[in-house]
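Here is the structure we will look at.
Chain lettering (A, B and C) follows the sequence in which the chains are written, and residue indices restart at 1 in each chain.
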Amino acid sequence: MILTLLKREIRLINRKRSELLNPIVFFILVTVLFPFGVSPEPALLQQIAPGVIWVCALLSVLLSLDSLYRDDFDDGSLVQLLMAGVAPGLIVLAKSMCNWLFTAIPLIIVSPLIGIMLNLSDSAFWAMVVSLLLGTPSVCLIAAIGMSLTVGLRKGGILLALLVLPLYVPILIFGAMAVNAATMGQSYSGQLLFLAAILVFTVSMAPWAAGAALKISVSE
Amino acid sequence: MNWSWFFKLGSPKWFYQMAGRWQPWIWALTFIGLATGCVWGLAIAPADYYQGDLQRIMYIHVPAAYLSMFVYVVMAVAGAIGIIWRMKMAYYVSMSCSPIGAAFTFLALVTGSLWGKPTWGTYWVFDARLTSELILLFLYLGHMALFNAIEDRKNADRAAAVLAIVGIVNIPIIHFSVEWWNSLHQPASLSKLEKPSIDQSMLWPLLIMIVSFKLLFVSLLFPYVRNHTLWREKDSQWVQQEVEQ
Amino acid sequence: MKSSFSLIGEQLALFRGDRLLFKQCNFDLSNGETLQIKGENGAGKTSLLRMICGFLDPDEGKLNFNQTSLLKDRSEFYQQTLYLGHQLGIKSNLTVAENLAFYIEINGASQRCDISEAVDKVGLAGFENQLVAHLSQGQKRRVTLARLLLEEAVLWILDEPFVALDVKGQHWLQNTLGEHAKAGGGIILTSHQAIELEVPIKSLTLQGGGQ
C-alpha cells in the first residue's frame, strides 16, 4: 500500500518539478543573507556556519510542506484515501518520505556549497552532511504533525511555524553541535547517536500523531 | 470499584455547579497559603549567605516554574482523556489550562530574569532552565493559537489535545537537550546558582508556596472552566436557566 | 452477486458549531434499496453523508453497518462503499487514466470493464490521456463517475451527483444507478432534482432543527 502511495506522490511531484527548486533557492538565499547581516569576516562566518546552515535547513523544509498536503486536502483526495481504508498514519509516512527525498536530500546536496561560502572548516563537511542526513527525516516527520493540524486552515503558514519550531530545538541542538564539534576537531559521534535516537523516536510516534491530526482536519 | 464519580466529572452541569460551590473555599485556602508562605519566606526565613535578600525571589520563581510544567501535564492528560473517552468536560479543562499555564510560565521567566540581573549582571542568559521555560511558553502560545484558529469548536478541542500530547512527549527531550547544550556552552561558574542542598528553614516556606501555587492554579482553573462551559453549552437548557437566575 | 449489507441510523443528531442541523434522524438501507436525502440548503444533507462516511461524529444516536457500530470499526464499511462528494478527489496534474488507475489500485477493481471502456461509457472517449486540469467541470465530474463502473463497491454514497452534468449525462447516471440497485447494490444520494429510477426510492427529508 505504501508503495502505491509513494508512486502517486512521486508522479505528482514529477508533474510540477519546478516547485522543487524553490526550497533550495530559499535555502541558498537565506544563508547568503547572513554575511550581509553579520560580517563577511571569514573567521566569524566559520563560527556561525553550523548554526546558520541548520536553521536555514529547518526553515526550508518547513516551507516546502504546504503543497504536499494542501492540494490533497483541497481537491478531496485525502477524503478519498481515507474512504479507501488507508490508515492516516500511512498517508503521512508516505508524504514525509517524499518530502525528505525531494526536499531534504537536495538541500543536503547543496549544503557543501553553502559550507564553502560560509568558510566552514574542511573537517566539518562530513559532520554536516551526516548530521543533516540523520536529522532531516525527523524534521520532515515533526513538520508533518504541524501540517496535519493546520492543513484545514486557510492561513495556516505562520501558525505551522509557531507549532513546529519549538519542537525542533533538540534536533537543532544536536545537529549544529555535531558540526561545531567537528570544526573544533572533536569527536561528534555522541551527537549523531542522539540524532539517530530522535529519529527512531519520531519514526515510531510522529506518523501516529500526524495521522490523528489529519483525521481531525478532514472532519472540518 | 465504582467509576460513577469519573463519569459525573463528564457532565458539564454537574462540574459547573460543583466548581461553583467549592470555588470560595479554595480561594480562601489559597489566600491563607499564599499569605503564610509569603510572610514566612519573605520576612521570617533567613537570608541567603551569598545572595542576601535577593534570594527570596526564589519563593515566587520556583513555584511558578514548577507550576508551569505541572499545568502542562494537567493540560495534556485532560486532552488525552478527552480523546480517549470522548469527554467534553476534559476538553474544557484542557483548553482552560493553557492561558493559566502560560501565565505561570511568564511569571517564572520574569522573576528568573529579575533574579538574573543582579546575579549574572544581565536580564537574560541562555541558562538551561530559562531557555526551557521560554520554549514552554511558545508551546503554550501555540496551543492557544491553534485552538483559536480552528473555527469548529469540536475540531479545535481535538486538534489542540493532540498538540498538547505531542508537546508533553517532547518537553523532556527539549529540556534534556537544552541542558546538555547549555553545559557545553556556559562557563561552569553559573552552576553556583544550582541550589545547594537547601536548608530546612528555607525548605518549609518553599513547600508551602508550592502547595499554595497549586491551590492558586485550581482557584484560577475553576472560573476559567466555568466560563468556558457556559460559552460552549450556551444553547443547553441548564445554562439558560442559570443565566436567567 | 453483490455481498449483502445493512446500514442503520438511529436517533442521529448533529450540531455544527452551535447550530443543531438535525436530530432524531432515522433511516435504514439494505441491498437493492435507494435512499434519497432531501432538504433545503443548509439542512445538513452533506453533513449527514459525511457523518455516515466517518468524517463527522454524530452528537447523539447510533450508526450501524452490518450490525457493527461505525463509531468503533469502519474497516468493513470502507471496503464496501464508494463516496463521491463535492470535492472530486481527482488530481488535476494527472491524466484521466492515471487518476482512475490509482483508485483501482487502492480500492480493487470490478471485473465489469477496464478503464478505457469506462471512460467511453461516461462519454470521455479520447480524453483518456488528457490531464484533468484541461477538462471542463462537467467532464471532471464524469471522471469521478467512471469510478462507479470500475470499482466493486456495494454501497454508493453520492453527494449531488447530477450537478454539472448535461441532459445526456444525467440520463446515463440515472440508468447506471438503476442498474446498480437492480443488481442488489445500495445507493444513498442527495439531489435537488426529482430522480426516476426503475426501482422504488426511499426518501428522508431533513428539516432545520429536527426532523
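In the analysis below, contacts are C-beta pairs under 8 Å (C-beta built on N, C-alpha and C of every residue); 3 or more make two chains touch, one makes a residue touch a chain.
Because the structure is a prediction, the values reported are computed rather than measured.
Contact with both chain B and chain C is made by A.
Nearest to the global CA centroid, when each chain is reduced to the mean of its CA atoms, is chain A. The most distant chain from chain C is B, comparing centres defined as mean Cα coordinates. Per-chain Cα centroids separate chain B from chain C by 48 Å. The centroid of the Cα atoms in chain A and the matching centroid in chain B are 32 Å apart. The geometric centre of chain A is 38 Å away from that of chain C, both derived from CA atoms. Within chain A, residues 219 each touch two or more of the remaining chains. Contact with two or more other chains is made by residues 152 of chain B. Across the assembly, chain C contributes residues 57 that each touch 2 or more other chains.
Within the complex formed with chain C, the residues of chain A that make contact are 1, 4, 8, 11-12, 15-16, 71, 74-77, 79-86, 218-219.
Contact residues of chain B toward chain C in the complex are 86, 151-154, 234-235. On the side of chain C, the complex with chain B involves touching residues 16-18, 20, 57.
In the complex of the two chains, the chain B residues touching chain A come out as 83, 135, 138-139, 141-142, 145-146, 149-150, 152, 155, 158-159, 162-163, 165-167, 169-170, 173-174, 176-178, 180-181, 184.
Considering their complex, residues 145, 149-150, 152-153, 155-156, 159, 162-163, 165-167, 169-170, 173-174, 177, 194, 198, 201, 205, 209, 212-213, 216-217, 219-220 of chain A touch chain B.
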